[in-house]
Structure formats: C-alpha cells, structure tokens
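Two complexes follow with chain A in common, the first pairing it with chain B and the second with chain C.
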Partner chain A sequence: MGSSLSRVAAVAANTYRETVRERVLYNLVFFALLMMVSGLLMRQLSIRQDEKIIKDIGLAAMDVVGTLIAVFIGVGLVSKEIERRSLYPLLAKPLGRGEFIVGKFAGLGFTLLVNVAVMTAGLYLTLALTGRATDPNLLKAVYGIFLGLLLVVALALLFSTLTSAVIAAVGTAIVVVAGRFSDVIHNMKEVAPGAPSWLAPALYYLLPNFRDFDLKSRVVHFDPVPLSELGWITLYAALYLGFALGLALVAFRSRELV
Partner chain B sequence: MGAWRAPEEALYLTGEQIRRLSPGFEDLMADLYWLRTVQYYGFQRIWGGQRYDLLFPLADIVTTLDPRLEIAYHYGAIFLCEARPAGAGDPQAGIALLEKGVRNNPGNWRLRQDLGFFTFTFTGDAQRGAQILMEAARLPGAPFWLETLAAEILHKGGDRETSRRIWRQLYEQSEEGPIKYNALTHLRYLEALDEADALTRLVHAYEEKTGRRPASLDELRAAGVLRRAPVDPAGVPFSYDREAGTVSISRHSELWRPLDTGGER
Partner chain C sequence: MTTPTAAPAVEIAGLSKSYPTGWMHRGRRTALADLTLSVPRGEVFGYLGPNGSGKTTTLKVLMGLLRADRGSARVLGEPHTARAWRYRAGYLPENPYLYDYLTPVEYLDYAGQLLGIAAVDRRGRAHRLLERVGLADAARVPMRRFSKGMLQRAGLAQALLNDPELVILDEPMTGLDPIGRHMVKELILELREQGRTVFFSTHILADAESLCDRVGLLRGGRLVTVGRLDEILRIDVDHLEVLLSGVDGALLDRLPGLKGRRALGERWSLQVEEASLAGLVKSVQQAGGRVLAVQPVRESLEEYFLRQVGGGTETGRPWEAA
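On to the complex of A and B.
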C-alpha cells in the first residue's frame, strides 16, 4: 500500500513538473491577474461598485482560466503519453494503470491548486490596493471553483484515455458547458418538447452539475454559506470524481497499447 | 460610438436571454452592463443631446442579471426621474425600476424608502408615497423617523418643508458621490425657492411703502431694503417679473427646473 502511494506520488510529481513547464499556463494565469488588476481602472466608471466588480472579475477569471487550464492540459495527460510513446516504458515498470491515472489526476490537480492560490492572492492584493477589508468568505467561493476544476480534470482525463487530445478537448468542453447549463437540461421539456421523456433526467443526473459549485454570487453579496453546504458539495465532488476516474480507469485498462 | 453600440446591446438581447446565456457569470455580466449604463448616461448627457431612450432598457438588463444590485436601482431611478438635462425626465420609468427593486428585494427598507420618496416627490401622490414609507418603516433595520415622515407627507401633502426633510434625509444617508450631490442640489433648489419667495415679499413691502413697484431688484438694494446681491445659492441673479411683481429662479441657473417635468413641490 505504502509503495503504491509512493508510485502515485512519483507520477503526480512528474506530472506537476511537466505541467508547470507549459507556457500556456503562465499566459493564462497572467491574463487572469491582469483582469483582476483591471478592476482598479473601473473604480471611476462603476460609481462605488469597485469592490463588487473586482470580486466578480477575480472569481470569474479564476473560474474561466482554471477551466481552460484543466481542459487544455488535462486532455493531453494520457493521449500525449501514448502519442509520444513515453507511456510504454512507464507501464513496463511496476506501475499499475490505476496508479498512473490517479497520479496524473493528482499532479494536474496540484498544479491547479497552486494556480488558484496565486490567483486568490492576486485578488486579495487587488482588493487591498483599493483599501477594502480582507473578506475570508471569498475563500468559500474559491473552494467551490477548485472543486469544479477537479471535476473538469477528471473529465478531461477520461476523454484523454479514450481518444486524441483534440477530440478529447471538444468532448470535455461539451460536457463542461452542458454541466453549466444543468438547469436548462432539467427543464428540457420546455425547450425541446419532442425529446424523449427519459432523456432530460438521464442527462441531468449523468452530467456533473457545476451550478452546485458556483458560490460566487452568494459570497460577493455577503450571503451566508454554511460549512455543511461546503461538506455536501465536497461529497458530491468526491463521488463524481470516483465515478469519472473509475470510468477513465476502465477505459484505460481496456485499451490495447501496442 | 456609444450612440450605436447601446441600441445593439439593448435591443437584440433581453436581460433574461443574457442571464440564460451566461450561467455562473450573471453577476459579471451585470457589472459589465452597469458600466455600460453609466457610460451611456454620461455620453448622452454631454454629447448625446440629453436623449436617454435606452436608459431604462439598460437598467432593466442590469437588474435582471443581478436583481440585488441595489446601486443600479438607486442611480437608475435618479437618472430616469430627474428633469432634463440632468435626467430623462421620466418619473414613471424611474418608479417602475424601483418597484422592480422592491419586488426583487422585499426585505430591503432602503429601496422601499426610495420608492416612497420618489413616488411623492416626482408624481405628487402623497397618499401612495406615505403608504410605501409606512411599509418601509415596518421592515427590520428601518430608521424610526420613516413613520413620522410618512405621516407628515400624508397630512401636509406637497409642503416644501416635507420635501426638504426628505432630501436632507437622503443627503445624510448617502455616501460621497452622485446621490449625495443630487440630494444637495435639491436642497439648494428649495433654498432658492425660499429666497425667491422672501424677495417677492420684499417687493410687495416696498410697493406698499413707496406706492410703486421697483424697476429692478437692484433698486431694492440701492434703497437699503436688500443687504446683499439678489443671487440664488448657485450664484446666479434671480429673475424679476415687474408686471407680476414676483421673483423666481433664473432660467440661466443650474437650479432652475421646469415645473411641468418633475418640478418640486
């Protein structure tokens, strides 16, 4: 068990080292930080809404940029290893396919954690520059965003085990967008009356409900977000991660690698 | 640029459509549209000939995207209710925006207070204004004086003192910025009305004493009846109608407003 964990940690550490070398990562994080600082320029234009605008832009930038990183780096986690044929010597070692998948997931998850931490620091710094008090509740929204990003990584990894990076990116993007429109799917009858009656509930429960992780508006409006709710979304994320990573493992195991 | 971009935005997409198209980013979209609204108002006021046709649609989009963006209701109502050139001179639209704010935020006494004040000040409906203020007074956190003010509005109706109390309350409640400045302008306007009335009384007293009306207000000053130049709080000389023997705020003053478009009681 101990050695299995160390093998997962070794894959995760390698994945982290690999992903932090990606130039797209720095471009995106820089863009997100730039967006947050741009909130300072909007102070005069917004009529006393600078704090809200900085928070809205900061959290949205974190969400969008994090999702882009998760999709574009996540879809290459397995497929690129197969295309570059660097996977074969790895699997020849005493490394299980499950350990490989979990290690890859943990490596990119850690990269995202570091990025989200940098962007959060940027957001707090921007708010401090406007003389606003530090609002620890923002971290609750950041936590929701991070959980959502982990789900995106798991989905990208699942698609990455099935197909090439480009098709995996398209597939992940479709599922992520559909998950964000979960309320529309729930009310599909109104939008598409001709759809089979089982389709809406099936899609609604199968797709990840990203709306549950979205605490941005509530936190910005100073609504209370109880810790129990954070517990529930953590449980939901854990179950869905288990489901998506389990599917990724099944797909990866069934894949003939020659 | 703002002249054509705003119609594109306001006419092609409704707030509800934008809300549905931006799940998870509704607040950000509300901020962007709020910035657009402020820019539109500023542009139209300075360069657009004070035409504010899209002010209400834009404010409606903002408040549909973020129904709790209190400032959009406050400023939107002021921009809409105030007489031209400061605003659109459309009190009904401003009041409709505040009514939407009250519907979306039933526990917010400030929005209900604004609705009561604006209903009374801009439409002259003292009964309805007082009723709304009474409702606001019953909400948690509402100040104790709201109930007294509601009673005062109901009993005195279009009394100038009641108006002064309302604008003083708004002035004291507001932070530095356009809302405070707007309340201050109203207070200065009321002060100018008081001064114009006092000058009219002096004209009548002078006429009684000398048997003739003064040719100008300067004549009152030369006769020692007036101690200082007859100027309003904005520093502009008052207008004097010799025929009627009345003094009023000059049309050249920033405090002048047409009585038929939201004029003060």
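On to the complex of A and C.
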C-alpha cells in the first residue's frame, strides 16, 4: 500500500505534467521573454538607467506572468476535474480529498517554481549580456514574488473547489487585486468615508497582504532588505497558505460530485 | 478467492439519497429511497433500471462521490467510507473522461501510483491490460485523439489495474462497438471464473441476461425486484406454447384457455394458459389431432423490464388473438 506522501506526489507530478502541456503556459512565458527583450531595447533610450529598467521589467514580468499562470491554471485545478469527471476514478482509489488538494497545490507550485527559476536565469543572463553586475539581492525580490504566487495558487484553488472555473477566476482576481492595494483598504475611511468602521480592518486582515511580498522596488534601488524580513513574510505566507488550503479542503470535502 | 464466511462484496441497508432542486435548493428530489441490497462475493450482479432510476447515484454513494442522506453501505466487509477496501476494488464511471493530455500508459501509471503499485510492476500491468482491452496499438497516443469507445476501454483498464476482488462498472457497454461489447462480456465472464465480483449497471438487457447471476431492477429510486433471472422470470410464466398437428381452425375456436394462435403450414402453434393444458390435450386427441410439443414460455428480461417500468409489453410477435 502506498503512503499518503506518495499519493500527494503522484497528484503533484500529474498536475505539473498537465501544466507543462498546457499551451497557455508557453504563451505566457513567451510574453515574459518579450518583455525582457523590450527592456533590452529600452535601455538604448535611457542613458545610465539601463540596469534599473532591465531589473524592473524582468521582475515585473516574472510577477505578472506568474500571477496569470497561478490564476488561470489554478482556478481549473479542481473545478475542471469535477466538470469533466476525471476526478471520479481517482477518488474511487485510495486517494483522500485532502491529498488531492495538497497534490494539486504542490504541482502548480512546482510549475511556478520552475517558471520563476527560468525567468530569473533569463534576467541574470540579460544583465550579464549588457555587462552589468549580477546582483544577488535580486533573489530576495524573486523570493517575495514566489511566495506571493503560492498564495495566489492557494486562493485560486479555494475558489476552484467552490465554483466553476470562470467564476473562480473572477473571484481570485478580485481578491488578488484587493490584496495588492491593501494600503487603500487600510485607509478606507479617507477613500470611502461612508463605509462601516469595522469593514476596513476586517478586509485588511482577511485579505492577503500582497504588498508585504513586493520587494522589487527596494531591491532595484539597492535599499536593504534584511533576512529577518524574509523570515517574517515566509511565516505570514505559511500561515495564510494553511488558512486558504484548510478552507479549500473543508469546501472540497463537503462537495458532492453529482 | 471466495470463502463461505466472507462478508458480501456489497451490502447496502436502508440507503436514501435526495438532491436539492429549485430556487435556493429548497426542494428535494428523491434519487434513492430506502435501498437495501446485498451482492455476495463471486457473483456477477446486473443493476438495471431506466434513466434516472438511481443506478449511478447508488454507485457514486458506494464510491464516496456522493453522501447518503440515510442508511449504510459496506464494501468488501468494510464501511464504504473507509479507504482500505479501495485497494481491492476497481471502478469505471459512466462515460469516463481521462485526461486528454496523457497517453493510456501514462494514465495507468498515474492510477497505479495512487493504488500503491510498485513502479516495477506498473508498466508490465499497464501493457498487459491495454493488450487485453484492445488498446495495445494506441498505448502511446494522447487520449485527446481517442474515440468514446477507446476511452471506455482505457477506463476499463484502470478499473482492473489492481487486480481487484470487486469491480464496479457503470454502464460498461456504453459507446462500444459490437467487438468492444463482446470484449467486455468476455472480460466479465473471465472475472467471474476467477471468483471475482462484478457489480455493473446497464441498459443493455440482453447483456445482463447473458452475463448475470442475479439482477436488481430499480425504478424511481426503489428496488422493484432482485434475484436470480430464473426466479424473477419464472414468476411470469403464465402460458405455454403448444405445437399441434391434424386439427382445423374450427376446433381451435372451441379450445379452452387459448390466448393466441399462429398457423405454421399444416401445424398450429398455440399460446395456452397453463391451467388449461390438460383439457386442451384431451380435446385435441378426441378430434384426432396430435400434440407435438409443449413448452413453457417465459418472459424475456426485456419484456419483464418494460412491464415493470411501465414501458409497455408489446413485443411485436405475430400472434393472432384467440
């Protein structure tokens, strides 16, 4: 009899294989490479700003493309399996619903890890080709991006267990955008004075604070990012992932596969 | 594989299931009502019923895809919600969709991992099964190129991957051509010879009639009948078919208990009520005729099914009413 870990690994490996064979992935990676090349061209136009532009565009491309992959593939992770009924023979086997959820998360998480790693290598290559120093601090920003992407996957997975892929995509996009503007929510009193007083703190603490993971600007401008800060955002990500995946598991366990 | 003391392969007691309907899911539609059923080990059990009668719902509850409102079920001696029996059972859902980006070999490898089959065994088993279900030539073709029948064959292969004691098949003949149906029938008979239990739902009554030790007939979520085919169909032997010679049509008009007649050249084939046989034989002999054969006529499963589910009893036989 196989172990729980081996079943999770099997689901993860199959999810990774599925995402690698999805055309959308290649379209997005192509888009990212295009952005990096455009960064190379733009440096011709901006004297002495070329290194900053390459880093800005490279990290932004990594973030945007990764988020698009996490949302558009993530929302189909469970809902598509239910709609197409491919899940039925799997759950008839000794595969727990929790193992399925964790495996799906790990599979897409690994896809994003590979994607981020390839794009990071591309960014360093671009910098090397232009004769710029390969700044190791860029990896801190990349790490923040990757943690944020894992959170997006968990949210997409949560929505995917609740509803169809289309509605899940809309729901995930709203939460991700809101989480990226958490400072606006925090200052809701100034933006929307009529809103109930409890709403702003409730939303602020409930929604994931993606701004904490955004280290791009600081790294590009050589502002220090202490390792302790990376530790804190790792802890925050772990707690939020546990929360989102826990909710996804509860929702999926209660879901009937009609 | 079958032992006299072994618990039934499937044991269902008082199972009920309803689905929410209407606005805000305030209504309920009954899919299964107080279903009680037992399938002993080593039996081929046919689960019959018209569309919407609750066959698929029963199988989904057993497999844990749906939750029952009431009642209980045990599979291979364990509660149906347990995990352990799933290592010893196989399931083919109705119209299976199997990842179109995978080849059958890859899919079976994935299924084998979930079943805890060692890597060294998985490949060999996959190839043997693909050979058995007639997909050896398509083993490395992505399943997006598969026809419905090919998907059904691949689905069957995954259901048999763990050499299961119990195989639960939801409409296994769907989408198959005559060769495919023959293959599935052979497979089911092979499984029975090996002492395994097969629990399958079907619309194709001729297949059920030729394969099953017992059948259960479901209508509106309720089990109408369950039993051996000869037990079920014997109940409905209400007439005999009698072959006569040396009598004319005028005599037939006077025969007691005659339900129908058909001229066969100089002979007559009659449908006669069982209780009237003795009087009929006497009358024929007195008129100088001969009784050549007497055969009890049973309803076919199809006729029984149609009558039970309200689909009519006309069979198109060219009998002339007496």
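Criterion: the second predicted complex is superposed on the first by the 256 of 258 C-alpha atoms of A that agree within 3 Å, B and C clash if a C-alpha of one lies under 4 Å from a C-alpha of the other, contacts with A are read in each partner's own complex, and residues count from 1 in each chain.
By our rule, a contact is a pair of C-beta atoms (placed from the backbone, for glycine too) under 8 Å apart; a residue touches a chain by one contact, two chains touch by 3 or more.
Only a predicted model underlies this, so the values are computations on that prediction, with no experimental measurement involved.
S.K.: Check chain A with both chain B and chain C modelled on it and let me know: fit or clash.
M.R.: Fit - chain B and chain C, as placed by superposing on chain A, sit side by side.
S.K.: Between chain B and chain C, point out the one touching more chain A residues.
M.R.: Comparing touch counts on chain A for chain B and chain C gives C.
S.K.: After lining up the shared chain so the two structures overlap, which partner does A:V184 touch, if you call chain B first and chain C second: first, second, both or neither?
M.R.: The first partner, chain B, only.
S.K.: Is A:K52 in contact with chain B, with chain C, with both, or with neither (first, second, both, neither)?
M.R.: first
S.K.: Return first, second, both or neither, reflecting whether A:E18 touches chain B, chain C, both chains, or no partner chain.
M.R.: second
S.K.: Output check: A:R85 vs chain B and chain C. Expected answer is one of first, second, both, neither. What do you get?
M.R.: The second partner, chain C, only.
S.K.: Given the touch rule stated above, what does A:R253 touch, chain B (first), chain C (second), both, or neither?
M.R.: Neither partner.
S.K.: For A:P94, select first, second, both or neither according to whether it touches chain B, chain C, the two together, or no partner.
M.R.: second
S.K.: What is the contact status of A:D63 with respect to chain B (first) and chain C (second): first, second, both, or neither?
M.R.: After superposition on chain A, A:D63 lies in contact with chain B alone.
S.K.: Looking at the overlay, what does A:S217 touch: chain B (first), chain C (second), both, or neither?
M.R.: A:S217 sits against chain B, while chain C stays out of touch.
S.K.: To be precise, I mean the smallest distance between any C-alpha of chain B and any C-alpha of chain C in the superposed model; what is it in Å?
M.R.: So the smallest C-alpha gap separating chain B from chain C comes to 36 Å.
S.K.: Taking the contacts chain A makes with chain B in one complex and with chain C in the other, which residues are shared?
M.R.: Shared contact residues on chain A (touching chain B in one complex, chain C in the other): none at all.
S.K.: Could you pull out which chain B residues touch chain A in their complex?
M.R.: 20, 23-28, 31, 34-35, 38-39, 66, 68-69, 71, 75, 175, 177-178
S.K.: Using the touch definition from the top, list the residues of chain A that touch chain C in their complex.
M.R.: Checking each residue of chain A against chain C gives 1-3, 6-7, 9-11, 13-14, 17-18, 21-22, 84-86, 88-96, 256-258.
S.K.: For the complex, give me every residue of chain A touching chain B.
M.R.: 42, 45-49, 52-53, 56-57, 60, 63, 180-181, 183-184, 210-211, 214, 216-217, 220-221
S.K.: Which residues, counting only chain C, touch chain A once they are in their complex?
M.R.: On the chain C side, the touching residues are 19, 60, 63-67, 83-84, 86-87, 89-93, 95-99, 101-102, 106, 110-111, 113-117, 155, 158-159, 168.
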